[in-house]
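Chains here go by letter, A, B, C and D, matching the order in which they are written, and residues are numbered from 1 within each.
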Amino acid sequence: MVENDVRHLINRKLEHVEVTVFGDVSRKTYTMLEDVTLVHQAFPGISLEEVNTKAKFLGFDVNAPIMVTGMTGGTPELGKFNGTIASVVEELGLVMGVGSERIVIENPSSEESFRIVRRNAPTSPLVANVGMPQISRGYGLRELEKIVSVIEANALAVHLNVAQEVFQPEGETDYQEEVLGKLKDLSSQMGIPIILKETGCGLSMETVRKFSSYGFHNFDVSGQGGTSWIAVEKIRGERRGNWKSKSASLFSSWGIPTAASVIETKWADPASFVVGSGGVRNGLDIAKAIALGADIGGFALPVLEASLEGRDAVKQFLSEVEFQVKVAMLMSGSRDVSSLKKAPIVILGSLKDWMESRGITFSTYDKVRKGGY
Amino acid sequence: MVENDVRHLINRKLEHVEVTVFGDVSRKTYTMLEDVTLVHQAFPGISLEEVNTKAKFLGFDVNAPIMVTGMTGGTPELGKFNGTIASVVEELGLVMGVGSERIVIENPSSEESFRIVRRNAPTSPLVANVGMPQISRGYGLRELEKIVSVIEANALAVHLNVAQEVFQPEGETDYQEEVLGKLKDLSSQMGIPIILKETGCGLSMETVRKFSSYGFHNFDVSGQGGTSWIAVEKIRGERRGNWKSKSASLFSSWGIPTAASVIETKWADPASFVVGSGGVRNGLDIAKAIALGADIGGFALPVLEASLEGRDAVKQFLSEVEFQVKVAMLMSGSRDVSSLKKAPIVILGSLKDWMESRGITFSTYDKVRKGGY
Amino acid sequence: MVENDVRHLINRKLEHVEVTVFGDVSRKTYTMLEDVTLVHQAFPGISLEEVNTKAKFLGFDVNAPIMVTGMTGGTPELGKFNGTIASVVEELGLVMGVGSERIVIENPSSEESFRIVRRNAPTSPLVANVGMPQISRGYGLRELEKIVSVIEANALAVHLNVAQEVFQPEGETDYQEEVLGKLKDLSSQMGIPIILKETGCGLSMETVRKFSSYGFHNFDVSGQGGTSWIAVEKIRGERRGNWKSKSASLFSSWGIPTAASVIETKWADPASFVVGSGGVRNGLDIAKAIALGADIGGFALPVLEASLEGRDAVKQFLSEVEFQVKVAMLMSGSRDVSSLKKAPIVILGSLKDWMESRGITFSTYDKVRKGGY
Amino acid sequence: MVENDVRHLINRKLEHVEVTVFGDVSRKTYTMLEDVTLVHQAFPGISLEEVNTKAKFLGFDVNAPIMVTGMTGGTPELGKFNGTIASVVEELGLVMGVGSERIVIENPSSEESFRIVRRNAPTSPLVANVGMPQISRGYGLRELEKIVSVIEANALAVHLNVAQEVFQPEGETDYQEEVLGKLKDLSSQMGIPIILKETGCGLSMETVRKFSSYGFHNFDVSGQGGTSWIAVEKIRGERRGNWKSKSASLFSSWGIPTAASVIETKWADPASFVVGSGGVRNGLDIAKAIALGADIGGFALPVLEASLEGRDAVKQFLSEVEFQVKVAMLMSGSRDVSSLKKAPIVILGSLKDWMESRGITFSTYDKVRKGGY
């Protein structure tokens, strides 16, 4: 890749952070977690101290079902944020992912901005990150091993971002089915789990079934309701006079709301491991996502925002989220995360209608989410 | 308890009244009584004079199904409000409860603020009040008998307030199941009925089933939609810089709306005695709560507010509520409270969806509320 | 009745008109006709000229299914409005009712304000009007024959207004069942049809079943959504410092919305004759009411308002309504009123939920409204 | 036709364009396409380049399922817009219809404003246009052949506009059933397909069944949600003091929303060819209409508006729409238009209730729209 391209990639990453944090790119739509109520239990049968938030992340023990999902890396500035977040994740015993590492392959000097994550979080489960289009376009074992090794990752997230790419002038929309076989082979050779991950538009039951048929069973739904990458591209497009930006605006509410996507994913592959993310902003959202069928909840933007204020802000934010998860567990009568998955819930409004349109009855799904499939 | 702790408890009580009456602690959410319609009967078959509002409260006769639920007591000022309310309750033949009497045990000089209630309401059914955490933490027969005797109570309400305690710096969230057995034993020894009572978040069918299995069958649902104690704690927390106050804000709409809670309670224990409270503000709310399955309706805040204006205001308010109950009974064609329980109702909107999510069909519930279980 | 009482009655009538026209007494709620859609038929198979709006009103032929329902009379001023309206009703071939004629019995000098109606509408079907409480309190054949003869009425409406009376200081809420037997006897003796008529709160299926069991089968639903007589009494009460006015405000949205009331009435007595009124304001509302099961649509307030501007305004208003009925018939593919009763309709929103709560399925009701019972 | 009448017709056409573009005639209501969600497929299995938008229009190949529906023509000015649009339609390989050609019969000098369309679009499928009332009132083979030959049309649209005519002072509302037989005969003689087309109020299942029974199977639904011709007539009426304009206002939300109309049409005649139009404004609307059962999407107003700005604006607008269709196809996992017809969809809100009222279950309709009838 010529120098110009690398500079371009770096600038794009910086602009993504800037637009995400300061631009108006929060969804007009919503996560449909608003349509979910955890039923209050006035007599939980336990005290707050007895609530056990410990969870499993792909076999690793974590103190709470909270994941900082991948968002950044690539330049010294962005590396600093990564480092700050990593040290808090280590202290609190959570999980962390990094932003797309394509830049590591294309510009070795960017490595440090990722390496700092493992250095500051020596024992935490960490998740490397690469885009599906890069694998379509030629990344092989060498590149993926490089990407994984930079953070000594415990898992590799392969992100799908067709909705973002399609509105980029430089967009790559290669999603031919062959790449799934190739990825499966690479995954066997690398020996670490692969997480298939959307980037704000959610996974559908059809997509999950296709992935399952190739032997993939770990998913990060990243549903609609959080950062709209389409809106990010719209703002970038307007700055450059890209004619696609008007269309990007039209599609800014495209996607599957997070709550619906968790349900579709679990419905399609009941034994799968699911990260509930996309517009998740606090511990109550996380608890709802888990009660709906996720194994862990994830977010990136609120942590990135806190990291601009420094380590204390990140620690305070994540501690509050952990407290909120614990409170939601206590008041829904859930002694541990596995009880939370079975906690009584109420589903109203559009999410109820969504399920009906998709042929998912509440009573059948209630068994699925509780593990009775 | 050292003097400092007592002063602390007294100040907390005063602050609770102040924040409740003057702070913005009414729910952003609603009681779902808004989703209930009593069907108008153009030809009631009776005149207003013939409508009989007499009701039973745990075996005692009352002139109308109206209860002033427990809210205050503990200091001379708060005792004055208690006394004013009690004398009107006696005059009108209603039911009254007092606020938490923990302070009676910890500070004997506070007794007078409760004793005045029985003095001013010598023949009314009165309900003593203690928190479940106090029983968890050691209250025995001696303490409960003291609490009951101070107002020569006809029943003892044991309140559950996990949602409030969890956000207090000093919060006690002990809700281990053992306490239910202990409370059952104490109740047999005392020989007066126990009412299990929420404090603004409502009782669920799971919670009611647990209580029933221990032999408790009297409930005060105190559902979501009225005073949010979580919001009260949020305001108190902000004043003190308590880091939990941000989380308290997140949970301020947590809970089971009053109408849903009445239905869940009756569904779980069809033969139970149910006080419909939580955001109840007038006689139409009370009539709806009874038609949904409650035996009596209750409220505290509007009476407390009237008591700040004096005895006349309390009497006028409660007389209007009684008139409103009577009008709602007349126009729904209900000759007496037992007819009101069978009056035709319509359930629309979110309450309809809530029931569906909880597996409660309207037609089956219609039989349950009418006593046909 | 002493002179003072008569003056009182006259003043009340004048104040009713004044408050109704100038006060804010339109419902906060709605008629639920908003939830009804007549399905457009792009190819009606007829021309506008061929649409036949002729209808039957209790055996009488009328040019369109439009009734000016009873609202006023009693003083020379109010008689003038009655006369204006009557002459237009005669010209257009519609139906007209008058306001309560109790004043005719109590003050013979008020007769002229009613007699003018028959004088100006010599061939139109006219409906006399008396309150059910008057019959409870003693009116017999003599009084009813007087009331009927004053306008040589073709039918007698007996109005039910418990919701209004209950908030009047002078209110009469006698609705004991005996009066129905008495009324049935009187009706046999008089030999003209009786219409049982609500006054803004609608008829329920339970009420209609009771009436049917006594042999009454003509109904004017007068549902919720139009003039709220409760709100009228609230304003009158505030002027007089009546303590009931606060409660009147609470009940101002009490009642059965017009669309729901038409359905309940037809459901309870499929062969009955039904006037669809209450918040009906134009010809589209009338067409919807008929498609829902009514035989004719009725309104009072918009005609009264037009009459303040004079005869031309009344004629223009009623001609437009007739045109609107005709347009709605054409575009729903209804050649005549009997086709309109079978025209395809769509029911959305709260009315759909209302029917569900009342155990009325759309498909079964669809047969009932089409006459297939 | 006398000269005055022709001038009148010309002026009416000019005023229609003026009011449509500058007046407030967009619907208060909506298309119900808002209630439809195409389910996002994160891994489409194809790239954007592989998406094939080619479609069939009555046997003709087009590059994308986009039709500029008929709106204008008749004067030199309006002919200029027609010419501009036609040349872009030719370049992009789309379909185009023209406005009502009645004026061609009545004023031969208007021909040129239509002829320019075929001249500028020599190879595109073009659709001639005549009103059903003209055929009722006497147009025979000679007139229709003239209308078709002026643009060497590939199909003839016969438009139904009873809702517009009924509010015109000069309105013609002849829709007697005989005309359908006559039209069928004419169509056999002419040998080109007939499209029956609404003009903003939508086709119902009853209407479509009637047409099918006469052997017509090509429909342009033109549902409610776009330009309200009733609102156009209301504005024209007010300018002229036409008393019908108040009634026009009342009916301005009359009609079948576009999404509901596509479903009703396909439900009534599953093998029919359907143009989804009415409030369609972009490529996402078109993709939804096709997923609901249409074969092609159509619009007129946004193209007319662009044509006021010139050829570049028209080309840019239509290119963007084509891109949007392609993006919606990619992200719903639809390789071609026939896959798009089977793409997973979610139906929420009023459209769901509409279907229920009309006896159409989602699961049965899902088979119909996918061709499994």
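Here is the rule we go by: a residue touches a chain if its C-beta (ideal position, glycine included) is under 8 Å from a C-beta of that chain, and two chains touch if they have at least 3 such contacts.
Because the structure is predicted, anything quoted here is derived from the model rather than measured.
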Grouping of chains that still touch (sans chain B): one piece
Fraction-based call for chain C against chain B, same above half, different below: different
Cα superposition angle of chain A on its copy chain B, in degrees to the nearest 5: 90
Chain A and chain D: spacing of chain centres that average the CA atoms, whole Å: 43
Separation of chain A from chain C, taking each centre as the mean of its C-alpha atoms, in whole Å: 61
In chain A, residues with contacts to at least two other chains: none
Topology of the chain contact graph, where touching chains are joined (line, ring, star, complete, other): ring
For the chain A and chain B complex, residues of the former touching the latter: 38-50, 282-284, 316, 320, 323-324, 327-328, 330-331, 333, 344-349, 352, 362-363
List of chain A residues in touch with chain D within their complex: 132, 160, 162-163, 166-167, 171, 173-177, 180, 196, 198, 201-204, 206-207, 210-211, 224, 243-244, 246-247, 250-251, 254-256, 350, 353-354, 356-359
